[in-house]
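For clarity, chains are labelled A, B and C in written order, and residue numbers in each chain start from 1.
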Amino acid sequence: MTFWERMDKIDRRWIYLAVGVAGVLPFLFPTPFPIGVTPEARSLYDAVEALPDGSNVMVVYDYYPSTIAECEPIAIAALHHLFRKNCKVITLSNIPYGGPTMAENVTRMMADQYGKVYGVDFVNLGYKYGYVAVLSGMGQSIESIFPTDHTGTPLAQLPLMDSVKNYSDVAFIFEIADNATADYWVSIVNAQYGVPIGCGGTAVMAPKFYAYVASGQFVGLLGGMRGAAEYEILIDREADGVVGMQAQSLVHLLIIALVILGNLGFFLSRGRMKRGVA
Amino acid sequence: MTCFRLSAVVLSLAALYPEVSWAQDQADPLFRADRINALVLVLVFSAAILLYTRWARAGKPLFLRRIPGLDAVEEAVGRATEMGRPVLFIPGIQELDDIETIAGVSILGRVAKITAQYETPLMVPVRYPLVLAASQEVVEQAYTEMGRRDSYDKDTVRYVAGEQFAFTATVNGYMMRERPAANIYMGAFFAESLLLAETGNAAGSIQIAGTARPEQLPFFIAACDYTLMGEELYAASAYLSREPVMTGGLKGQDFIKMIIVVLVIIGVVLVTFGMGDWFVHLFEEV
Amino acid sequence: MRTTVPIVTAFIAGFVLVVAFFFRGSTLIGSLRDEFTAWITIIGGFTLALGVASIIRVNWTAVARRKRDWPYKILTLVAVLGMGIPSVLPVSWSSLLGNTPGSIYDWLFEYMQKPMMATMFATLAFYIASAAYRAFRARSPEATLLLVTATLVMLWRVPMGEAFLNLFPGDVPEWLNTYVMGGANMAVQRGIIIGAALGAASMSLRLILGIERMYMGKG
C-alpha cells in the first residue's frame, strides 16, 4: 500500500490518538489567540446590560451533566453578569438528570461570591415533569407549578417570590440548553407571553437557533464553548470558556488536516488506479 | 365518527360556558381574538388533511415521491436475513409523549412485519417504560398479523437504561458484540446520534436513520447510508403502508406547505418593496 | 373497547388542548386544559416510578436466573438503590440524606455521574474526527461544497482559525457569520423546522382522529 493509499484509509484508532493528544497539549503548552465577538453574543450581552438593576431574571438550566464543559461556563458568565447588576435570579430546570442539582451548585457558588442571600436574591425552583405543562402553567401562576422550591420550602416563605407570580413579573429569561426545550421556551413563553429570551447552548444546537435570533425570538445567542468565551470577554472575566478554546482550536485544525490528507489520499490513489499502476 | 362529532359539539358548547360567576370584563373577552390567525391556519390545515383523506378513500390516485431511505428498509432486512445477523431498531430516545417517538414506534410496526416475514431476529432497545410497553405491543401484533406469533420473542424489545449515555453505551456494546447487519434509527435523537451511528459503521452495519431534529441530521448524514430528514420521518408510516387514508394526510400536509411557500414569496416581495408591514402583522400576535 | 377507549380518550384530550388555545383560562375548556396539563405532571411522576420498578425487576430477574453478565446487573441494582434510597429519605434524619449539598446523592452525582456523563459526551470529539475524515471527501460537486463550507466554519469557530482567516483581505469571519450561518444555514434550518412542524401537526391530527393507530399495535 502506498503512502497515499494509507492516507485514504487511516485506521480510526490513530485518529482517536491524535485527537487525544491535540486535546491535552494546549493545557501543557498554552497558546492563547484573540477571540472575536459575534454580533449574536454582543446583542445578548447588550440586552442583559440594558436590564434595570434589580430586575427579576429566570436562569434556566436545561442542560444535562454531559454538556457541562460547554454549558456551565455560559451559566457562570451569565450569573456573573446578573449578580453584578443585582438582578434577582430565579433558577429552574426541565432536566430530571441532575438539572436542579446543577442549578443549585452553580448558582450557590456564584451567589457566595457576590454575597447574595437565598430566598431574597435568588431562588431555585427545582424540577417538575412535563416541560410543556410547566412552561404553560407558569404563565398563569408559578406557584401552581412549583408550590415549593427545590428543598421543599413553600414559595410563600421566600420573599423574592412575593413579587414574582408569573411571566409578567419576569424581565428576562436566560435559557441555557443542550436540547429542544429551547424550542418550547420560544413557542410557549416568548410567542405567547412576550418575555425576552437569551439563549446559550451547545455548538451543535447553535446553527438551529440562528433562525430564532434572526426573527427576534431570541435576543441573542451563545454557541458552545466559543459563545461562553465571547461572553467572558464581554463581561471582562476570562475563565474556562477562554481556556478551553485553545484545545478546541488544535482539535479543529487537526480535523481539517485529516480531511485534507484524506482527500489527497483519495484523489492520488484513485489517479494511480486509473493509470493502472499497481 | 358519530361519537367524535357528538363529543366535538358538546365540548364546543361547554367551551362557551363561563365557569366564573363575575361579570366578564369587555377588555378581557373569553375568545382570544389575537389568535385568529392561528385559528384560520388550524382550520385550513385540518380541512386540507380531511379533504385529501376523503379523496384517497374514494380511490383517487395520489402520487408520493420516492424516499430512498424507506425503500432501503426491506433491502436492509433482506441483507440481515442472508447474513444471518439481527436487525437493530431504535425508536428514538424520547418518551412516548414525543410525536417523533410515536412516529418511530409506528415505523417499528411496519419493520416488525418485514422481520416476521423473513424470520430475521429483531432487537429493539428502548429508554422509557412506556415506550417499552407500546413497542412490545406493536411488535407482538405485527408478528401475529404475519402469522408468526410463535417466532415472537418477548425479549425482542428491551428496556435498557433511563439515562441517555448509559443507553448509548449499552447499545454500542450490543452492536460491537452481535454485529447487527442493519441498524434503523427512527425517532428523536440527541448527542448520542453520532455515537450510535459511528459505532454501527465500525460494526459494518447498513444504517438507515430518520429524525426531525435538524441539529442531528448532519451526524446521521455523515455516518449512515440513508437518512430521512424532518417530515420524511412522519411520512414514513404512510409511505410504508401505502394506505389511502394515510397518504391522503400526507398530501394535505403538502398542500399546506405550498400555501406557506406562496405566503413566504408574497411576503418577501412586499417587504422588499417596503409595503409589507401589514402583511407581517397578519402573522404576529399568536 | 380496547381500541375504542384509547382513541376516544386521545380525541377528547387532543380536542380540548387545541380548542383551549383560543379561549381564556376562565372558561370551562380553559379550566379543562389546566386540569389536563396538571395530569401530565402527575402521570409523568408515576412513569418515573414505573421506570425504577422496571429496571429493578429486569435486573433482579437477570441476577436470579444467572443470565449472561449477571454480575454487572448487581452493580446496576446497587447504583439504583444506593443513589435513589438516600435521596428520598428526609434530611431531618441525617445530613447525608435528601439531595441537598453534602448528601450521598449529591456526592455521587458530583463525583461519579457528572464525570461519567461528561466523559461519554467527550468521546464525541473522537467520533466526529473519524466521521469527518471518512465523510468529507470531494466525491461530487455537492460533497465538495460541503467539504469547503465545513472547513471554513471549523476555522472560523476557533481563535487560531479566526486569526488565519483574518490574514485574508476583507472580513472573512464576518462574511461567514452573515452569509453562511445567518444566510444559507438559517434558511435551511427554517425549511426543515417548518417541514418537521407540519409533519408533526399532520401526525398529531391523525392521532387525534384515530386514523394513525400503529403505535397501539393496530393498523
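Here is the rule we use: a contact is a pair of C-beta atoms (placed from the backbone, for glycine too) under 8 Å apart; a residue touches a chain by one contact, two chains touch by 3 or more.
Predicted model only: the values in this text are computed from it and were never measured.
Peer 1: What kind of graph do the touching chains make: line, ring, star, complete, other?
Peer 2: Its topology is that of a complete graph.
Peer 1: If you tally contacting C-beta pairs for every chain pair, which pair wins?
Peer 2: Greatest number of C-beta pairs in contact occurs for B-C.
Peer 1: Measuring from the mean of all protein Cα atoms shown, which chain centre lies nearest?
Peer 2: Central chain is C.
Peer 1: Taking the mean of the C-alpha atoms as each chain's centre, how many Å separate subunit A from subunit C?
Peer 2: 15
Peer 1: Using mean C-alpha positions as chain centres, tell me how far subunit A is from subunit B in Å, no decimals.
Peer 2: The answer is 28 Å.
Peer 1: Quick check on subunit B: which residues sit in contact with 2+ other chains?
Peer 2: 163-165, 191, 214, in rising order.
Peer 1: Using the touch definition from the top, which residues of subunit A touch two or more other chains?
Peer 2: Touching at least two other chains: 12, 64, 66-67, 97, 207-208.
Peer 1: Would you give the residues of subunit C that are in contact with at least 2 other chains, written as numbers and ranges?
Peer 2: Touching at least two other chains: 40, 117, 120-121, 128, 130, 132, 134, 136, 189, 193.
Peer 1: What part of subunit A is in contact with subunit C in the complex they form?
Peer 2: For this pair, the touching residues of subunit A are 10, 12, 15-16, 18-20, 23, 31-36, 38-39, 64-69, 96-98, 100-101, 104-105, 108, 128-130, 132-134, 136-137, 140, 145, 151, 203, 207-208, 210-211, 214, 224, 226, 245-246, 248-256, 258-259, 262-263, 266-267.
Peer 1: Please name which positions on subunit B make contact with subunit C in the complex.
Peer 2: Interface residues on the subunit B side: 3-4, 7-8, 11-12, 14-20, 28-32, 35, 38-39, 42, 45-46, 49, 53, 95-97, 99-100, 102-103, 105-106, 109-110, 128-130, 132, 134, 137-138, 140-142, 158-159, 161-165, 168-169, 191, 194-195, 197-198, 201, 212, 214, 217, 219, 221-223, 229-235, 237, 241, 245-246, 249-250, 252-253, 256-257, 260.
Peer 1: Provide the residue numbers of subunit C that touch subunit B in the complex, in ascending order.
Peer 2: Listed in rising order, the residues of subunit C that touch subunit B are 8, 11-12, 15-16, 18-24, 26-29, 31, 40, 47, 50-51, 53-55, 58, 116-117, 120-121, 123-124, 127-128, 130-132, 134-136, 188-189, 192-196, 198-207, 209-212, 214-219.
Peer 1: Using the touch rule from the top, collect the residues of subunit A that touch subunit B in their complex.
Peer 2: That would be residues 12, 64, 66-67, 97, 178-180, 191-192, 202, 204-205, 207-208 of subunit A.
Peer 1: Under the touch definition given earlier, write down the residues of subunit B that touch subunit A in their complex.
Peer 2: Residues 163-165, 188, 190-191, 202, 213-216, 286.
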